[in-house]
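Have a look at these structures, which come just after this line.
Two complexes, one shared chain (chain A), two partners (chain B, chain C).
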Partner chain A sequence: MMSSLKIVFSGPVGAGKTTAIGAISDAAPVSTNEQASDMTRQRKSETTVALDYGVMQLDSEEKIHLYGTPGQERFNFMWDILANGGIGLVLLLDNTRKDPLTDMAFFIDSFRDYISQTALAIGVTQTDLKAMPRLDIYNTKLREMKMSAAVFEVDARERNDVSLLVQSLLFTIDPGLEY
Partner chain B sequence: MIFNKTVKSKNARQTLISFIGLDNRSTKAFELFFKISCHDKYAHVEKHEEASITIVDIDAYNIGKQVKEFCQSFSERQLIVLSTHQSEFEFPNSHLVRKPIKHVELSKLLDVIDKKTHKNVGAQISSDVSRNNHGKEKSEINTIKEVKEKAVKRTPAAIENKKYRDTAQAAQLIGVVDEKLFVGSHPDMDLEKPRDVLKIFYSPKNMFQGALQKGWDLAKQNRETVEVKFLEHAVYLDGVNHLAMTELSDSVLRPMCLLESKDTPTFSSIDNKTVKERLQAHGRAVRSCTIESFIWKISLWSSRGRIPDNTDIYKPVFLSEWPNLTRLQQTPHALRIAALIAHEPIALCDVIKELKIPQRYVFGFYSAVNALGIAGVSRRTVDSLFEVQQKRFMGERSVLRKLLGRLTHTVGGESSSHAVAR
Partner chain C sequence: MRDDMLSSILSELNGTSADIEASAVISIDGLMIASMLPQGMDEDRVGAMSAAMLSLGGRTADELGRGELEQVLIKADDGFVLMTNAGKDAVVTVMAKPKAKLGLIFLDVKRAADNIEQIL
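What follows is the complex of A and B.
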């Protein structure tokens, strides 16, 4: 089931992973959402407890699998399973959370090996609700972590935003890729 | 006697390495390399006595005497010698590694040395295996030949026969709103001809863009709102909320961007309440946007596919961070250019050759990121001790191209219109 042609979407609870996958997937993403029963409920009533799955059919033979990791840290073991081969990691961060910069550091550290072998693109969501921290602060933090990645403001519901984020991932791997 | 100092870190054996001739920056780079690329298998120590391997930067100033003395004290120490050009050493047990260092090969070499020293604790290592880089290790380090081959691939001669692709399609795909207004329409200049070269430059300092950038610097520095007056038109820059406010429409701003003025622009501190009152007094719509998107737009209209004067197109330029391209007007190939420059500093003329795109796309993009203060000419010739690693993708490039096609061609059956001005 797990083809190497995949893009992993990760990030904290409520960052928009399921929505982002839905924005570019050919079919509605298969989600295993459940009623949140803990602190997660404060952020959203349903949360992904296993994983999300979407697909982009490229032609009759090839397709790209889109996997969304569960946001809760207690499902970390799932991340290792998902982050095995593939194109890269799209990290979505919710700007309204208490400390999105710490979120970013946590997820980058968790996926550091995977990122070092593939590529990373970061989308910051909910900036319309909370402007701070601005993207320059995310970029400063990234430099402190000796990391380099595209960091864009995104609305996970907007296909164009998610598409640009994934495109930045592709060009990070190969800037010579032509349209 | 072979030194094989190791420490136990968690469950893993850790081999200690000392340095000679490495500055603080290089030391930190190596520490990071040991931690991340080598998974903490190696660690840096200050004292040579505690180390089992020593890394020497032989290109460091006046290092020869220091290394000789070191070799006398630690005659059987395994040395990794870093150099850009030297290949022969009188030091025993030395292994040459060419700069820029390749992560993977250095890691392999360390493993080979570590394995041997660990295996033969208390015994002499056969000199025919380790001396002066002969033997098996030779194939595992960066050779001059490899470097030359790589350099040849990037020379203009190697790509001169490749014609520029039709980029109009790319521009259309990314939804550029009236490309000519942002990056002009002039053809590529012959960069070998001095007269032509002059045409690629413009002087933002004497234009509205220069006034805007100076005003923004003041607003940021003093964390206040600054009124910038240029040619009797006012723009207000909020240094706290990163906003630009004006009553001027694009149809006024755009031509204003092309004018050079000898009149000095004025800058004055102003509070936001007064700004609102002034803007509302005229009964016109108040236009407010992020300062980044305002500077981006103004610099594109001003440069129209040119670069600020005094930019050296043959010197590497850096991009410290990607511009927020989901919220800015996208110039053609902006993502590709950003990815290439962000990867490692590269000269603008090489960006044009690598991506095979018109000069004006590269120049326009550079002018805009330069105006935002996130790009500039790299001051260091070699910006990194380590060679920048290419991202690995095990699949075929055609798959990436197909995916890119899917992302840019269709939105529910319609053409995509990325980054339309918001």
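What follows is the complex of A and C.
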């Protein structure tokens, strides 16, 4: 019986990982935001340096633990630590970054072993600020990489958007699971 | 100028005790500001790990009602890693030998952290 599940949110700096976990967590989220001093500073003032944590109650018995990773590659040791024991990956991509398709390929490669044993769902954020590339381009790239994953446009601030993404991930894992 | 001053503080710190093997000043988001590390030690890793540990330590201290974090200590077979806040913007990380006299090192690191805070 799955009574305690864990999923991981990852993706590049500024994609909305901390915001997304804050948006869907049923308990006050734990975050480790610190003032940014690197290139990140041009996009936002604070950045995650260890993890984000939130919890989503599915029903009275089942809950999902949500772990968010830092985005910068120098923190990739945290990616392994946080992914351990998880059942899926939510990959958030920021459409306004220079090359979000390369970001996607990079994170899929970084989590390749994990994804091969679990599941992947992709949320593209900031599409209201920059519409291109469109979702079909992401899908084409995924096919080239021989990956299968649902891809959605999401607003990381919107509980419903993030929830849809998580539900689609859970559905990939277990089509019988109801939310 | 600032870098020279930080380097001299670290060099003095490493000199205070033969038990201190390495030290570094790191921004709280994990970037190296100044370091006296052995060859082959990856600056980016030391920086990122220090920032992650200190931030988690701070959250833990806060959530468990222990107040403001001062330092995080890691004890392992082959020695210690000590991470200490140097003001709001930086961390001093020190690596010491397994038999190091920690009390003295705490004092020396605290003094160095205070000096670093003044400079930054």
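In this text, the second predicted complex is superposed on the first by the 164 of 179 C-alpha atoms of A that agree within 3 Å, B and C clash if a C-alpha of one lies under 4 Å from a C-alpha of the other, contacts with A are read in each partner's own complex, and residues count from 1 in each chain.
Note that in this section a residue touches a chain if its C-beta (ideal position, glycine included) is under 8 Å from a C-beta of that chain, and two chains touch if they have at least 3 such contacts.
Model, not experiment: these values are computed from the prediction.
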Q. Chain A superposed: clash or fit between chain B and chain C?
A. fit
**Q.** Broader residue contact with chain A after superposition on the shared chain, chain B or chain C
**A.** B
Q: Quick one: the Cα-centre angle at chain A between chain B and chain C, nearest 10 degrees, please.
A: 150
Q: Please work out whether A:L170 is in contact with chain B alone, chain C alone, both, or neither, and reply first, second, both or neither.
A: first
Q.
After the superposition on A, what does A:T96 contact: first (chain B), second (chain C), both or neither?
A. neither
Q. Does the superposition put A:S148 against chain B (first), chain C (second), both, or neither?
A. first
(Q) Between chain B and chain C, whom does A:V30 touch in the aligned arrangement: first, second, both, or neither? (A) second
Q. What is the contact status of A:L51 with respect to chain B (first) and chain C (second): first, second, both, or neither?
A. second
Q: Would you sort A:N139 into first (chain B), second (chain C), both or neither based on which partner it touches?
A: first
**Q.** Closest approach of chain C to chain B (Cα atoms, Å)
**A.** 20
Q. What part of chain A is shared between its chain B contacts and its chain C contacts?
A. none
Q. Tell me, which parts of chain A touch chain B in their complex?
A. 4-5, 24, 56, 58-59, 62, 64, 85, 87-88, 112, 116-119, 131, 134-136, 139, 142-143, 146, 148-154, 159-161, 163-168, 170-179
Q. Touching chain A in the complex: which residues of chain B?
A. 32, 36-37, 165, 169-170, 173, 241-242, 320-322, 324-327, 335-340, 342-343, 354-355, 391-395, 397, 399-408, 411, 416-419
Q: Can you check the complex and tell me which residues of chain C touch chain A?
A: 27-31, 44-45, 47-49, 51-53, 55-56, 58-59, 63, 89
(Q) For the complex, give me every residue of chain A touching chain C. (A) 30, 32, 34-38, 40, 47, 49-51, 70, 72, 74-75, 77-78
